[in-house]
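One chain, chain A, appears in both complexes that follow, with chain B as partner in the first and chain C in the second.
Take a look at the complex of A and B:
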């Protein structure tokens, strides 16, 4: 403001917010409501802080550098059950496969919906299809995946059992189904960003003789890169955090078990674990039951997810108003009141 | 010349992208058809009583695993009521709890919170939404369940149901509380978004008439945002219904139908919802009868999710009337 100098900067329209009004004059019931609101807000903060502190304390107290480089092994003693090198590898592989499939598909679908969208009934159907995919529990997608990848013609994506049946569980299978849960997020963020580009930008490009396709490729997509990136980061967060698909489609071997001798392809056709399935395995609900390992791995997992969250926040903050930002980061673009 | 090639390029791009869109529809169709075709044997051999009560789910599933039919029944014999009851209980209770909490939190976020507090609360909600369900499950089973087990379940209560079920803290309360924490962020985000988009003149008009802020919020803002609250509830229900991993971790692994006739003890009895059961049976899917049963459970979840997403769409329609673009 001091730097305003000679020309007074036009002040932005100030949202009318009544000043802090004393609640003393309110009826008792209203005051109770007011304080309940405060209590809930504070309670939510406390829960979040509680979760982070709890995981931090438990995680750091059980985390050893050696855990990152040792292979896991099944053992009754927590001191002999190794680290989580393989699960970390698994998480990276699954995230890579899922993102590599979901990102181009998601962007392409969003472009089609917002730039072409003909015939209209088809566009509506695709819109609700994406809604349905976003709403279907991931466990159901996983079950569907198991059925599909057990078909004999998809045997090259996993391994054949001795009796000729297809196992249907592999990094490929899990990664491909994972791409489905990331898809709605990427489509949502891309589409929302595309609809916010004013039409004059497109018209200017057409006026210069560019075709629609090249306008999309060289004008529209480059201008929404941060939105696409935040959609992808959100999708990655979803993939990293999902356990249901892993437990059903990755075969649940503790270590990465390749098929045959092909170096990369063999691993991808084989089974393994990820950080999420490792936590599940080592929790009291799983077979390993080694809480210390579970805490340590869960801590690493939480840090990964928080890192991605922070990335998304960085990408979105300053590009939209704060409240819309909150919705965005949670992955809701398609709802009417966010537009 | 260049123009024509541009148009051809355009057509090609549109066709390619359109094909992708059609592919997505085919995929949805494939999901529905595959799941139902594989679920059919279980439904057809049990009829509508598939949804009904009768017998112990665990013995039925074990019978399928061992391929030895229960005496007097076919191998596919299955009565899912305890699981459906578990799903209903956890979902309804968690959504009810989350609805109250998130409405209050959304009001706080949009109306009362000073800017500094709001800046702190938004990352908090993001964080709660971002924590993976397996971490929630771990916290539930290793922190909350022992706490409830030690402090809330008295020995008398434990003995009162000792012959039927073992109370160990992995119970309805733990499941509900954690599930509520998991779905609260979505609901807060949606309700806060709707509250923020209530036209300011409406609230100002109310306040100009001397109505205090709280009443204005309740009478004007909340009422306007009602469709959004319904939509948020529906979305959160879908999320709660499909939550598998966390519930499978805290459900104690026993498909028990918690009985409301047990009084308060009811809250400390284990439950196991449908989705959690699917996770627990995941390893036995090579056995045909068990697989059919599990696919039948998935089919139920799939239909519920589809119905809920339709309900969510229907709930949002009234917002159009307020001129909020839909």
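Take a look at the complex of A and C:
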């Protein structure tokens, strides 16, 4: 024993881990900077919690199950002004149209810009165009949309008066313009993710005799699914939250007003409202002036956005992801329908 | 004077590399003292067939000529090693063999490169790259499962569709075969659905080799593929290279002179873009005709 000096350890030694470093030894400027950064983080958390808690308390106290199934009606008596079935419907329709247009176009644009991008002047022009669209205030987009969709050759997208003039306001019109709001976000996150993929991954695929298209479809796009998902979720959030385009381009009617008798097409050509316009309508600034209903609707709006984000992340990221979103922290992924 | 060769003791697991039985009965015969051990037997000259030919090739990136007037044969039945210091143009030359230099902006070529007598520029590029496959210095598995990495290489352009259908017996067999040949099967057999990115660096590189082999290329290009490998994995791969020699023409780029000596039948020494010396590995390492070669292999520079 003594000769070799090597004795089998009876138990693993106690590992010494460095403890939390005290900032006391840091220079004063570093300490101030550190605590400022820390404080902003905490402040942001507090604000986020504040919003959710405030809307929860205000919203839930006014929330009634009936609100979800009743059509709204313009009545000064709050007991008769109904619920927000139509606005929920409107929000879902607008989000669906906007996302269905923006997601494929956005991904296609990003792929072209990052993987092909020739000729270079064209790529630069496309990039600037996307920046312009991203920078245009949504109210300006809305006015522009009204101008475009009132053209007679686009009459099939909205209601037409007997004298041939085109109303220009419909779910189609609002949804199409909404896709422009989501587009830059989807392009941005997809493109960013594509540039993050090292060239050696592409070369590996080319070296196996795979074409560019095949590489993009089967190697690159699958590996950036989480980033596309987060771009789409951000875009959806913007669409759901926008009020200006709804006010101008969706007609701002309280209930969903279809055109003609065609079941789906008629609705899409018609006008309606969304949760955002409903909140505005019922806020003290709007005609309805029923703040309780505004709070209830705002709460539903908030929940809808969070839920949609979680759903999109869930669908596109799949089960293997290590990403932890807010809803996953809260345990939403344990719910049966997300399995 | 051959370079000093550090011998690596390998307990050869017959299941890892089903290499052909060597004529003398053992691949790991103890080398006579003072003599470097080479893997495998000398190839039979009659079975050596020229597949590719590089004829007075100049390669440039933009205004820089990185390869100057190189002429080389690439033969099936033997292993060709490109050696030389960093920046000598070895990798560029290797990449030009399956037209990967074209991807780099400013890549240009003069001279002829032929595959079975046909100028490679006249071949369809994806077809060429299926026939002339490449393994890179950095392991670069695709961000998908181990199985899919190999299955994707096997498929024509797209991976076989459908969760259930993609596991056809033929595909599974081919995948297993490719993984076995690269010496990875034993380690991953239990969990082929694991993400390839979770493998260790050495395992990733062997996966890349399996992937390249799966498509049954005619020429295999290996770019300093062992730089990221431990000695055991390196030995596995070297055995593999020697065992593949008869069915695939192999070109390796390596910074490891001992490795070049162990596996290569012909060695090309490049320096600053020029081919300084080309000859059988015994001749280049034993009796280099050029002073620069002598300096390089004796460690005077590089």
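The criterion applied here is as follows: the second predicted complex is superposed on the first by the 254 of 339 C-alpha atoms of A that agree within 3 Å, B and C clash if a C-alpha of one lies under 4 Å from a C-alpha of the other, contacts with A are read in each partner's own complex, and residues count from 1 in each chain.
We adopt the following convention: contacts are C-beta pairs under 8 Å (C-beta built on N, C-alpha and C of every residue); 3 or more make two chains touch, one makes a residue touch a chain.
In this text the structure is predicted, and so the values were computed from the model without any measurement.
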Practice item. State whether A:259 touches chain B only (first), chain C only (second), both chains, or neither. Key: neither
Check your understanding: In the superposed arrangement, does A:211 touch chain B (first), chain C (second), both or neither?
Key -> both
Practice item. Check whether chain B or chain C contacts more residues of chain A in the superposed model. Key: B
Exercise for review: For A:247, select first, second, both or neither according to whether it touches chain B, chain C, the two together, or no partner.
Suggested key: first
Check your understanding: Can A:203 be said to touch chain B (first), chain C (second), both, or neither?
Key -> second
Point to revise | First, second, both or neither for A:74, with chain B first and chain C second | key: neither
Review point. Which partner does A:291 contact after superposing on A: first (chain B), second (chain C), both, neither?
Key: first
Practice item. Tell me which partner A:219 touches in the superposition: chain B (first), chain C (second), both or neither. Key: second
Point to revise | Residues of chain A contacting chain B in one complex and chain C in the other | key: 209-211, 214
Review point. Taking the complex as given, what residues does chain A use to touch chain B?
Key: 15-16, 18, 21, 23, 25-26, 30-31, 33-34, 36-41, 43-45, 47-49, 51-52, 54-55, 105, 108-109, 111-113, 116, 118, 122-123, 125-126, 128-133, 135-141, 143-144, 146-148, 209-214, 216, 237, 240-244, 247-248, 252, 276, 279-280, 283-285, 291, 294-295, 298, 301-302, 305-306, 308-309, 313, 322-327, 329-330, 332, 335-339
Practice item. Show which residues of chain B lie in contact with chain A when the two form their complex. Key: 2-3, 6-7, 9-10, 12-14, 16-18, 20-22, 24-25, 27-28, 30-31, 34-35, 38, 101, 104-105, 107-113, 117-118, 120-135, 137-139, 141-143, 181, 184-186, 188-190, 192-194, 196-197, 200, 204, 207, 212-215, 218, 228, 231, 235, 238, 241-245, 248-250, 253, 275, 278-279, 282-283, 285, 294-295, 298, 301-302, 305-306, 308-309, 312-313, 316, 319-320, 324-326
Revision key, fill the gap. The answer for chain C against chain A in the complex is residues 98, 100, 103, 126-131, 133-136, 138, 140-144, 152-153, 157-159, 195, 208, 211-212, 215
Revision key, fill the gap. Contacts from chain A onto chain C in the complex sit at residues 198-211, 214, 217-219, 222-223, 320
